[in-house]
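Heads up, the next two complexes both have subunit A, just with different partners, subunit B and then subunit C.
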Partner chain A sequence: MTITLSGICKTFGDFTAVHPLDLTIPEGSFFALLGASGCGKTTTLRMLAGLEEPTGGTILLGDDDITHLPPHKRPVNTVFQNYALFPHLDIAENVAFGLRRRGVKSVRAQVAEMLDLVQLGGMARRKPRQLSGGQQQRVALARALINRPRVLLLDEPLGALDLKLRRQMQLELKRIQTEVGITFVHVTHDQEEAMTMADSVAVMYRGRVEQLGPPAELYENPRSTFVANFLGTSNLFEAEILSHLSALGPSAEAAGEGEEPVESGTSIVFEAPEGAETPADAGAAEAPEGASAEEAPGETRVQVAGADVTLRLPTSRCAVEGAESVEKGTKILVGVRPEKIALLHPDEADAVPATDNQLTGRIKDAGYLGVSWQYLVETPACSDLTVYEQNVERDTRLTAGADVVLHWRPAHTFALDATQDAAAGEEIL
Partner chain B sequence: MPTSTASPAPEPTDHASAPRTAALSATGSATASPWPASSRSLGALLRRLRRNAVVMAGCAALAYLLLPNLVVLLFSFNKPAGRFNYAWQTFSTDAWTDPCGVANLCGSLGLSLRIAVLATLLATAFGTVAAFALARYRFRGKSATNALIFLPMAMPEVVMAASLGTLFLNMRIEFGFWTILIAHVMFCLSFVVVAVKARVMSMDPRLEEAARDLYAGPFQTFWRVTLPLAAPGIAAGAMLSFALSFDDFIITQFNAGPSTVTFPMFVWGAAQRGVPVQVNVIGSAMFVLAVAIVLGGQIVASRRKKS
Partner chain C sequence: MTALAPLAGTSETPSAPQGGAGSDDGAGPGAGPGGGGRRRLTPYWLLLPAGLWLAVFFVAPLFYQASTSVQSGSLEEGFRVTWRFSNYSDALAAYGEHFLRSFGYAATATALCLAIGYPLAYMIAFRAGRWRNLVLVMVIAPFFTSFLIRTLAWKTILSDGGPVVGALSSLHVLDLTSRLGLTGDERLLATPLAVVCGLTYNFLPFMILPLYSSLERIDTSLHEAARDLYATPATTFRKVTFPLSLPGVVAGTLLTFIPASGDYINAQLLGSPNEQMVGNAIQKQFLNVLDYPTAAAMSFLLMALILIMVSAYMRKAGTEELV
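Presenting the complex of A and B:
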């Protein structure tokens, strides 16, 4: 069932938990609401469940208006944070609860089948407190799924589990979702969890959806500093726009749905993901392959603040209001992900492709992380530029204090509106 | 005190003459201990005592609590020589075979039981509702209500008894069964509220949300989830009410009519003239019954936990 939220909002006294929000969650998708605590994601989920009355707006499930339906009349079930299993009922009765309330007479076969699905066949007569956290989590899942809801809501379902079990349950949840094929709406503060499991992610911040899209698109093409910092890490530094080259270049269409900056309107309509269209490496998909050596159409040039360095990036990757028509000198924030940057010793600077963005700097710190090295590089653009290098054939000259040349492809560069807080979304968990 | 690690010099004991080698081989200890076997076992005994000190302290406390009951039980089998049942004479089961043999005793017992049951039912019902209101809802005067609920528990019973009596008198209500019942419901109420409120406050509100989410309407949610979860608190409040109502004397004394004599009042009256053995019988029976109920509950609970 497609869920359509239109203008849905919630205020508690003076506090606005959710600003008017439009969201379309396509049938059969695994949809994640991602954000730090207090961003309104759980309130949104509770409004879907009917546990919270929206202050305004409507919720459609398919074509049915369920905005004012009480929770027990909605074909929607929830897996609660900390599971909320009934302590006075055994596992089988917990799972059978929903069926019994709807007057189903013989529940045994269904309960047994559902317990098998979550691999708890032998636990039917135990009480919830006799089970481990992971087992309780699976009971909560079975208790919701047995009702064959049209939408399953998951409120931080893995939050209480340890890391290893969480990984395991992530795969398990994804498997079950594929198996039963119903719409999952998953609330989490764990960006990794959202990216691993969800077909599409809505990043929420201060009661608004910051950006919505497939995980790879959010990661590769963040449209706000919050998204850039909350999903992974980003190097952000100030720059001014030098020139636009043919704003209506081929990349205009590549910009597509992501082009509209979130803050310009609250209307975000998300199309159903069609599987294959979500490439693992969306950087390639987002940027026209082979940005040629010459100044390509649809390219923006920027000058780094306080340095005589010019960087280039596709205009489609400028998340600045009216990016195509902004004037020269407009301040922006330029961003690049740490793993996109390559480090070279100055002796090999010739090897840098002419089209690449280039910076020089000095390594402040080099940290060994096993799979990679993490460098902190002082550059004219930014005094703490982070770079991740794969731990393969490392140049031994790249130690703290060494001069380096940094380069990356323009297609891996993005630009954000400079009026926002560059540190938004940092240091959260 | 000789322990295995204390002063190095061997102390003379009864078995000081026993060869040291024997002591060593007997204990099998790796360290060459200078202690003969007997003092080592004394050390072991002390260690064991120390380890079980808490258990022993508990047993002592229990004995302190139970000894009076045992004395009452014992004297229920006495055949007193005079009117007073204070000195042991001869063993007899007369009182047990004829518990109602004393005039008015069983009548007062019946009255007490009737009042206790009714007061418990009413106080539990009202108290539970009040506890839910105080735990779940915000309303004007909530904190004042919270404080006032404690008042009957904190106030000296005599004061409450006298003021209630004055109230009934001024309202020209005839003293009797109903005035006693009203008074009992009043002071039981606060205990029920306190017990149930504590339970309701500790209940996870998400459990009820989960029930609503799983197609339980408001009534079903209350019946299937809220009530079973609050039950231990309600049961505790009810039991407390029964016990308090059954043995209340002061408040009852001030609010009873001439013909309504409860069991505590009967005992009090009898004590002036000499307590009949039957009072011991009733007391012991009540005690044994209460212990049996508690033990039964424990057994059922542990059996349920095992299965």
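Presenting the complex of A and C:
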């Protein structure tokens, strides 16, 4: 069943938990509502379950308006955050609860089948408190799924589990969802959980959906600083648009759609704000110019007057109001993901592809994370640029205090509106 | 079950005011293995004050009373232990009616307390919001006045020609209740109804507080889970809320029924000789007739009967099974 939320909102007194929200959740999808606590994701879920009356708007399930239907009349079931298992009933009766309420007489076979699905076959006569957290979680899932709801709502179902069990249950949930084919709406504050499981993720912040899309789209092409920081890590630094040129090729329109963020289309060139200079600057300023790159098809290179550092990116990756007609001098935030950046010793700077964005800097700190190294690099653009390097063959010269050249592809660069808080979403789990 | 634990200690208090309180828990967990130093002795030191207190004011009087109950003689000649167990059968024969009446009134008052107290406790636990503490204080507020004064106040409220009698008789409610034998003609005072009303009023907080504490512990997400699983509000109550509040129901009914069975103030002030309860009879034997052996035997009988009823009830309620 497709769920359609139109203008749904919720206020508690003066506090607006959810601003008018339009959302369509396609049938059979695994949909995640992702955000920090207090962002309105749980309120949205509770409105879907009928546990919270919306202040305004409508909820359609397929073609049926369920906005004002009490919870016990809705064909949706919920897996609660603390599982909310009935402590006075054994596992079998907990699972059978929904069937019994709907007057189903013989529940035994169904209960046994459901307990097998969640691998709790032998536990039917135990009481909830005799089970571990992971087992209780599976009982909660079985108790909801046995009713064959048209939509299953999951309210941070894995929050109480330890990391290893959580990983295991993520795969388990995904397997069950594929198996039963029911629409899952999953609320979580764990970006990794949302990205592993969901087909689509709606990132919520302060009662609004910041961005909606498949996990890869959100990660690769964030449209706000909150999404850029909350999903993974981003290096964000201020810059000023120097020039903005039309595309030479006919592919300009296509690039604007954001489908394939390649170097074709309009390029915008930025410079880091003045005053952010460090001794390393001189080299950095020279690098792009001296590289004398060949022009890529559909891309124009622009010389920037007085630039210390010049960066380029496709217009399609520029989430700025009216990106097509931005003027010179407009302030923006440039972002790049830490794992997209490559580090080189200055001696090998010649190996940098001419079309790449390039910075020089000095390593402040190098941390060993096992699968990768995490570097903190001081650069003219940003005093704490984070870089992740795969732990394969590390250049041993790259230690704290060493000068380095950083480079990444323009297609991995994105730009955001500078009017937002660059640190939004950073401090949260 | 933990909520009930203190009950065992107080269960006999009202029935045997001169006897002291309940079974002896003061003996401690038995002698520990020798040696082990000071730390091992600490629990016993902690038990000492309560143990001494109970030994002096409970165990000793209990034995004294037990010996009194099998004495014979008179005040002038002095009482002597003659192992006269017929004191018990005589008391039961003479005051069987009082026993029955006591348990009948206490049971009725307990049922009324439950009927009145449960909705109130439910409201305080789930609906009172920021008024919760205020309502709880109001529940406890009557304790700021003495038991005696409150019961005397009821005497005024229910007095002949008082507002309640006037209102009820003009509504013809009194006709109905007198036909049922609960009240006399055109009066409330000195009727079974008045005594039961007094008991209900006086013991209501003992019902409300344990009910409240067990309802308050219920996670409201269980209600939401039940509603989410197709239970109507009524079914949610029947299948989830009420079963989970059973420990409170058991504690509340015991805390109401046991003291109400042994009460004599309400029957004394609000009833007539026809509403006398066993407490009144014991009081009369001790203080007016001065027949100490019979009075002691009756106290023991009351204690024993209550113990039997309570243990049967507890077994039936199966509180161990509950959370």
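By our rule, the second predicted complex is superposed on the first by the 368 of 429 C-alpha atoms of A that agree within 3 Å, B and C clash if a C-alpha of one lies under 4 Å from a C-alpha of the other, contacts with A are read in each partner's own complex, and residues count from 1 in each chain.
The rule we apply is simple: a residue touches a chain if its C-beta (ideal position, glycine included) is under 8 Å from a C-beta of that chain, and two chains touch if they have at least 3 such contacts.
All of these numbers come straight from a predicted model, not from anything done at the bench.
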Look at where subunit B and subunit C land on subunit A after superposing the complexes, then choose clash or fit. clash
Tell me which partner A:Ala49 touches in the superposition: subunit B (first), subunit C (second), both or neither. both
Who does A:Thr78 touch here: subunit B (first), subunit C (second), both, or neither? both
Regarding the shared-chain residue A:Arg102, is it in contact with subunit B (first), subunit C (second), both, or neither? both
Looking at A:Arg125 after the superposition, I want to know if it touches subunit B, subunit C, both of them or none. Which is it: first, second, both, neither? first
Which partner does A:His88 contact after superposing on A: first (subunit B), second (subunit C), both, neither? both
Residue overlap on subunit A between the subunit B interface and the subunit C interface 49-51, 70-73, 76-78, 80-82, 84-88, 97-98, 101-102, 143-144, 147
Spell out the part of subunit A that touches subunit C in their complex, as residue ranges. 49-51, 70-73, 76-78, 80-82, 84-88, 97-98, 101-102, 129, 143-144, 147
What residues of subunit C sit close enough to touch subunit A in their complex? 219, 221-222, 224-232, 235, 239-240, 243-244, 321-323
Touching residues on subunit A, where the partner in the complex is subunit B: 49-51, 70-73, 76-78, 80-82, 84-88, 97-98, 101-102, 125, 127, 143-144, 147
In the complex of these two chains, what residues of subunit B are touching subunit A? 204, 206-207, 209-217, 220-221, 224-225, 228-229, 305, 307
